[in-house]
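Worksheet: the structure to be examined is printed underneath.
Order as written gives the chain letters A, B and C; numbering starts at 1 within each chain.
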Amino acid sequence: MGILQNILEQFINGLRSGSIYALIALGYTMVYGIAKMINFAHGDIIMVGAYALYVGLSILHLPAILAILLSLVVCTIFGVVIERVAYKPLRSAPPLAVLITAIGVSFLLQSVSLLIFGATPIPQESIVKFAGIKIGGLSISGITVVTLIVTTICMISLTWFIQKTKMGSAMRAVAEDKGAAELMGIDVNKTISLTFAIGSALASIAGILYVCQYQSLKPTLGAMPGIKAFVAAVLGGIGSVPGAMLGGIILGLIESLSKAYISTELSDAIVFGILVLVLLIKPSGLLGKIRKEKV
Amino acid sequence: MALLEVKNLGISFGGLRAVDDFNITIEKGCLYGLIGPNGAGKTTVFNMLTGVYLPTDGSILLDGTNLVGKNPAQICQSGVARTFQNIRLFGKMTVLDNVKVALHNEYNYSLASGLLHLGKYKKTEAAMDQRALEILDVFGMKEYAGLLASNLPYGEQRKLEIARALATNPKLLLLDEPAAGMNPNETAELMDTIRFIRNKFEITILLIEHDMKLVTGICEKLTVLNFGTELTTGTPEVVLNDPEVITAYLGE
Amino acid sequence: MKNKQIDKQLIKNLAIIVIVFAAIEFLLYGDLLTRQFRSLLIPVCINVILAVSLNLTTGFLGELTLGHAGFMSVGAYTGALVTMNLNLPMIIEFPIALIAGGLVASLFGVIIGVPVLRLRGDYLAIVTLAFGEIIKSIINSLKITNGAMGLSNIELHGNYKNFGYVFFLTVITIFAIKNMVNSRQGRAVCSIRDNYIAAEAVGINVSKFKVMAFVVAAFFAGIAGVIYGHNVGTLKPTTFDYNKSIEILVIVVLGGMGSIKGSVIAAIILTILPEMLRSADEFRMFLYAVVLIAMMIFNSSQIKQRILSSDIFLKLKKTKKEA
């Protein structure tokens, strides 16, 4: 009973962090699908979201719901502005230049937050007041329950948006063929902005959930979850929305179980080892497809 | 024995049969043309001959040795060189270096010599320079040697691609639409050059071309490809008067 | 005639090296440098070696590498363990450490060669990042490397008193990479960057030369690591994280990808400048970020084209040529 319960607990922990990874991975995968670039700064949008929540709650003393809204709006604006200012001038540049710029933006966000808020971690109380539930001998914390519910809602509505709405089908069209989509009268610039906006809003939600879980803020808080979410996106097949969700959950489970049963120090190595293996064995990931260069 | 013997060559992409039951035999020293409407599978044939695509079935024999299953670099070393329909030069390297890259396998020295510029380095590099300049001279491009390849005018870029392919010392040279985008004067000049290099370097040439003046002007034999299958083979006069070929190009 | 030109260039380069070396030695022996500057001499050399070697994979092979610090850490730990466990005079021990550090790092270059063979571009960049993180977390969990505590009490062989030694190694690195780029191996590497399909088509074994570039770059990064360990005296796994890799990348980007001279100059500037500005650490990251973004946007914008083709620039170039 004890072992089983322990495994179950780790499983639920993994599900929680995995669903956060999935939220972030969605941003990577959508942007990659549409702009064919790895938005390295995506992880740092999580950090922006977390700090925006902190500013709303502890500095402006807003009610929780307004602070959440503030965080969402700030992240969305950041996402769109970053695309317009830093990435758009490089649409026809070689991929290497775009990737380096994205790394630059990531560094910029971190260093600006370092200059404003300092390097010392800032404590921030969770906004989730719900105490959690008990099933048999198993207790699930409130933040875990909230995280699972919120991420499920996000994923279902995103899938609906992409599959059923006009803007969603515009996004799919641009991802398939930018030039052809433009000829069909789709505003490519607007669609790309929209993609960045949605991705950043999801990152903001991830940031809020992250703060409620760890209750502490520092400028680099988005870097690791960001990179791991990228691993999740690759695992699921970059460019594929269901792939990002699946990859995120699987990665969270693997990480949680290897932390509990193998070694805390090596859990990062295991996560990254998986990335290398996936890319070697099936570079298209679990649900993705890869296009070959035409000769 | 023929230089190139291709039998029952075919390739499928997923469910699509891009080339089916393709046969071609090219005698040594021949100037051979592969023609057909757009999308007939001509470049796909080139890609199979050079190892870019692995054929689903069939055999490719060059001088009696099998090429199927070798990678592009190995096939090049076996004696097949090519140019590309969409020019693929080493843009950030000089014209001279573009040719010297192709001399890579013929002139050798170790990494240690390369790192330290000792041993065979100086002598080999001097020999490579001389050989590369000789080849460029054939195309009248000697004075461009120090320019970046991407700064060359379009016509010269096409010529440099041929020069680079020749530098690998091939038995068989594949030219993928060498006259694409050239004006009539340039095309006429190109025809002379192709004939000249065939004689000077004693090679065999297989070319894809849409320009019928060039095809009838220099090709000794033609194969027509349509919808991935061979329509007919023969001398230009016979092939181009074939009613089936005319239908394939112009429709019913 | 061409050979004579090369020789002239070589003599000019050697003259510059001797003058720079003599000047620094003069300042050192005359005790004319502040402590801060003296302590920067070796880090400048280390960064030059790192940047020039990273330029081989990122600038000449054209594959973004985000795990260069990983190779450096492997070299640093190997070198430190060699000198800590051998009880030989420094003059014998240190060269052994350098070679061992370089070789073990290049062994890791071979290992990363496996993904390098199959991937390109964005994916490969991420794999190199992952590779650096894997190395870090393995070093973090090994006993021989003393885990998160790291190694301390490494004998100080690489500090400013041995500047001559380190300077010599730096010069060797610069020449080796420069020579390689101007050799058949280097041409093969550059041809892969410019068009790998065409490179294959002219008979270049693309896999071999991609791995070769990584192995050579890793070797020199390993050497830089050995010098680092013996300059600072302590090693911690966290020193060699992703941020360190980016720091080296920033140098290469600022100096110009594919320019060795640029890497050397940028390494000097970017090592000294942040130290001279107060509140260095917070400002350094900001500086790096701005350099990365500005360089990339500048490079692909119209502004650069306009400057390059403007009358003033052409005149400047002309007068330079005439002189």
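Everything that follows uses one rule, which is that a contact is a pair of C-beta atoms (placed from the backbone, for glycine too) under 8 Å apart; a residue touches a chain by one contact, two chains touch by 3 or more.
Model, not experiment: these values are computed from the prediction.
**Student:** Relative to chain B, which chain's C-alpha centre is the most remote?
**Tutor:** Chain centre farthest from chain B's centre: A.
**Student:** Just to be sure I understand: the centre of a chain is the mean of its C-alpha atoms, right? Then which chain's centre is nearest the mean of all of them?
**Tutor:** The most central chain, going by mean C-alpha position, is C.
**Student:** Distance from the CA centroid of chain B to that of chain C, rounded to the nearest Å?
**Tutor:** From the centre of chain B to the centre of chain C is 40 Å.
**Student:** How many angstrom between the C-alpha centroids of chain C and chain A?
**Tutor:** It comes to 33 Å between the two C-alpha centres.
**Student:** Averaging only over C-alpha atoms, locate the centres of chain A and chain B and give their separation in whole Å.
**Tutor:** 48
**Student:** Among the residues of chain C, which ones contact at least 2 other chains?
**Tutor:** Correct list: 197.
**Student:** So which bits of chain B are touching at least two other chains?
**Tutor:** 52, 84
**Student:** Spell out, as numbers or ranges, the residues of chain A touching 2 or more other chains.
**Tutor:** 295
**Student:** Looking at the complex, which residues from chain C come into contact with chain A?
**Tutor:** Against chain A, chain C makes touches at 58, 62, 64, 66, 114-115, 118-119, 121-123, 125-127, 129-131, 133-134, 136-138, 140-141, 147-148, 197, 242, 246, 249, 253, 257, 282-283, 285-286, 288-293, 295-297, 299-301.
**Student:** Inside the complex, what are the residues of chain B that reach chain C?
**Tutor:** Within the complex, chain B contacts chain C at residues 50, 52, 71-73, 76-77, 81-82, 84, 88-93, 97, 100-102, 104-105, 107-109, 111, 113-117, 121-122, 124-126, 128-129, 164-165, 167-168.
**Student:** Inside the complex, what are the residues of chain A that reach chain C?
**Tutor:** Listed in rising order, the residues of chain A that touch chain C are 37-38, 86, 89-90, 92-93, 95-101, 103-108, 110-112, 114-115, 119, 223, 227, 230-231, 234, 263, 265-269, 272-273, 275-276, 279-280, 283, 293, 295.
**Student:** Within their complex, state which residues of chain C touch chain B.
**Tutor:** It comes out as residues 2-3, 176, 179-180, 182-188, 190-191, 193-195, 197-206, 212, 216, 258.
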